[in-house]
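First up is the structure itself, then whatever we jot down about it.
Here the chain labels run A, B, C and D in written order, and each chain numbers its own residues starting at 1.
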Amino acid sequence: MIDKTVASAHEAVAGIPDGATVMVGGFGRAGQPVELIDALIAQGAGDLTIVSNNAGDGDTGLAALMAARRVRKVICSFPRQADSWVFDGLYREGAIELELVPQGNLAERIRAAGAGIGAFYSPTGVGTELAEGKETREIEGRLYALEYPIRADFALISARAGDRWGNLVYRETARNFGPIMAAAATTTAVQIDEVVPLGSLDPETVVTPGLFVDRVVEVGERSWLQDGVFIGGVDLEGRPLAPAGSGDTEEAS
Amino acid sequence: MIDKTVASAHEAVAGIPDGATVMVGGFGRAGQPVELIDALIAQGAGDLTIVSNNAGDGDTGLAALMAARRVRKVICSFPRQADSWVFDGLYREGAIELELVPQGNLAERIRAAGAGIGAFYSPTGVGTELAEGKETREIEGRLYALEYPIRADFALISARAGDRWGNLVYRETARNFGPIMAAAATTTAVQIDEVVPLGSLDPETVVTPGLFVDRVVEVGERSWLQDGVFIGGVDLEGRPLAPAGSGDTEEAS
Amino acid sequence: MSAISRQELAQRIADDIPSGSYVNLGIGAPTLVANYLTEDREVVLHTENGMLGTGPAPEPGQVDPDLINAGKQAVTAVAGAAYFHHADSFGMMRGGHLDICVLGAFQVAANGDLANWSTGAPGAIPAVGGAMDLAIGAKQLYVMTDLLTKKGESKLVASCSYPLTGLGCVSRVYTDYAVFDVTDDGFAVRELFGDTTIDGLRDLVGLPIADFITTPSSGGER
Amino acid sequence: MSAISRQELAQRIADDIPSGSYVNLGIGAPTLVANYLTEDREVVLHTENGMLGTGPAPEPGQVDPDLINAGKQAVTAVAGAAYFHHADSFGMMRGGHLDICVLGAFQVAANGDLANWSTGAPGAIPAVGGAMDLAIGAKQLYVMTDLLTKKGESKLVASCSYPLTGLGCVSRVYTDYAVFDVTDDGFAVRELFGDTTIDGLRDLVGLPIADFITTPSSGGER
């Protein structure tokens, strides 16, 4: 019997060695594997290369991992945010390496790793400083730069529900990097709201087949859902709104 | 208001010029746009390049199009079938050109066209006669051959349901080439069982967003479904079974 | 010469977007354009973090952290929306399936080059996000920008001094003084706002600017 | 020497497939292996036309033309199945996510080269399907074949005379006489069936064949 469920986030991140490359899903708060990142912080691996769209914000999550000096290098598209002070500080002091990749090239390079593509020609970034040193080629009158796959030892992602085979469904734009990172890592750990019985996910609507998934941990329903139905009452970070109509929305950039 | 529905299969294939490259979805009977192919036969365009996994079987569909000498070239992975006598005859007399492409390279080259990839390195076929003359490269110890996108002027595909924006859902393995061909053609025409009201497809489960679709024609429910529920009673070609338990299954190769 | 407001400019751009178009509105000022795209026109908005059919911001209390745009703002979904993953989303752009993309700019060069992601200031933390993908990710790239920087320098330039985002990618520039098409021969005025004059524009920009054109732009089209 | 039946061989291969593996069974004889993979072992079958979790053939009258395998035979879906499009399906294979692929063969060379798609006969209509993708599409490639052709020639060869399907891709060969691993030093017998002897095999094959090996094969692994 296939059972990829594990009992805790701690177990889901077990065995990540020092020096590992770890993909971390999410775009902003959406799809961020919050519990798995916390477990990685507790787990202790260092000298990590993190592949993620952003480079942490505030003082929790990836920012906390970086603040603990556990990250050697970040491969991402958008490290600079209003509250990315942890990354900013480390970068300025030369304590963290950055590979800046246009977001679509980042996504396609991750996809290429999962799909066994050796390299591909992308038109994005050609002629800019981010393609400096890359092999270029003109194909049917258009310039392209050669881009290589980005693989990882581990991927930490978040999905809404999954079964014991690791079949996954996501929610709205929280899908983002999850499906492609799941396929690009040797070991993929997923936090989900809910483990559902095998066979209860419609095979037409499974987004990530269990083939790509190694460990699944149930972390409980996200606070803005109740029994799978959106109930609201939170800010963009998922924090409960202050009571009595002070419902201000947050805007990140 | 966006309304991509058209009144007939005839209208769905209107304007395909002589010399066009036309992708035709389907793998065996599954996902074959039967009505659209018939409409293409009636429409009259010739000197066509057909991109499809197979090269027709029996005397209908693509085989009939070829028999009418309307196809100059076929790009496919598996032209030879038990009943592919039309293609076989034309090929032997030198009346049709064949570009034989391993199925996964065919799929990835179609996908590359839709995704704006200039070319990519594939490990499939390297060292075989199907990669002869292709540029090869060793990347991290593995050999790859350079593969270019396959684009089309038109794609003819089949889906189960769609809305007036062209959002599509498929059914089981009939999904096959539909989503990637829809993205690789300048004009994509889709035959569907049923046009559903905008907003009735769950946005989580739309497989082909309407962005990729230009024309949608409702052709009625496939004969093995009733109100969307499988009722059986057909052979692999969708023909009604002879009555009273003669239910033999067909096997194609 | 008079300049129009950013809101007026957003309205002006919205007017130029054909009904039923597939459009990506970049972070910042371009998002204002959405306010003038009335629902009945069914302009389908793409957000590169994985969605077609982005709707207006939700009511207070209805913010959904799973449903955001590329600017990480809360949005809603319209009827007909679809979600997909990042590789599919950028494939859509790179593959040329979007009709129009509207972006901000630091500089636009007469050959259609765009600079909008980095000022190249020493010590700045670089961040590119989807800027370079957006620059090449639509059939038409419209830039929405003030004509002049805060220091009064023209953002339309002979060639970009800031780091490039994309080569020859801009089709049209909407500014507070005028609308310019990028042609094979450089900038050409398409429309003047208020009492702006061509000669006045030439003074502000300091570049050759062709007179009103009547043919569609060719620059940046793919 | 005695040979085992094709059914026995299919059973033998099924026994070697670990429970919970992701497996693609090629068209023809390899599909017989499925008959010996009992449901409780949860070996997940992939079919390259877009499905994981292929189940046994349907009952008569329950054939579903939308639900077929790569051999275009009617199949069913097990609980836990998933559908996907062709590019995703072959990406799964090419990306090395399947554990085992079982294919037929015309010839297997001592260096793991496989020939199974074309006899190269003049005038034959070529057709490759997914053969070349399957050849490189799993962590382990098992070949299931008769050891000898109908003419009595060995299908294990020093180098393939038929057109190649893939280079150095075969991990193991299951034949009616014996199971061979492909090692860095060529074929090595892993198991003999019936009263087959190593010397007898060497006579049939006409190649150096190493004795029973105790370490796992290295050839063809990626």
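Here is the rule we go by: a residue touches a chain if its C-beta (ideal position, glycine included) is under 8 Å from a C-beta of that chain, and two chains touch if they have at least 3 such contacts.
Each chain and its UniProt protein: A, B = 3-oxoadipate CoA-transferase alpha subunit; C, D = 3-oxoadipate CoA-transferase beta subunit.
Computed from a predicted structure; not experimentally measured.
Common neighbours of subunit A and subunit D under the contact definition above: B.
Centres computed as Cα averages put subunit A at a distance of 28 Å from subunit C.
For the pair subunit B and subunit C, the distance between mean C-alpha positions equals 36 Å. Measuring from the averaged C-alpha position of subunit C to that of subunit D gives a distance of 54 Å.
Contacts with at least two other chains are made by residues 108, 111, 115-117, 122-123, 142, 170-172, 203-204 of subunit B.
Along subunit C, residues 51, 77, 83-84, 87, 90-91, 93-94 each make contact with two or more other chains. Of all possible chain pairs, those that touch are A-B, A-C, A-D, B-C, B-D.
Those residues of subunit A that touch subunit B in the complex are listed here as 108, 112, 115-123, 137, 139-140, 142, 144, 148, 169-172, 202-205. Residues 19-20, 22, 40, 42, 44, 46, 51-53, 77, 79-84, 87, 90-98 of subunit C touch subunit B in their complex.
Within the complex formed with subunit D, the subunit B residues making contact are 27-31, 77-81, 84, 87-88, 91-92, 98, 100-108, 110-111, 122-130, 142-143, 170-180, 207, 222, 224, 230, 232-238, 241, 245, 247-253. If you check the complex, the residues on subunit B that touch subunit C are 1-2, 111, 113-117, 163, 165, 167, 183, 198-199, 203-204, 206, 209-212.
For subunit C in complex with subunit A, the residues that touch the partner chain are 27, 47-51, 57-58, 60-69, 71-74, 77, 83-87, 89-91, 93-94, 123, 125-133, 136-137, 163-167, 222.
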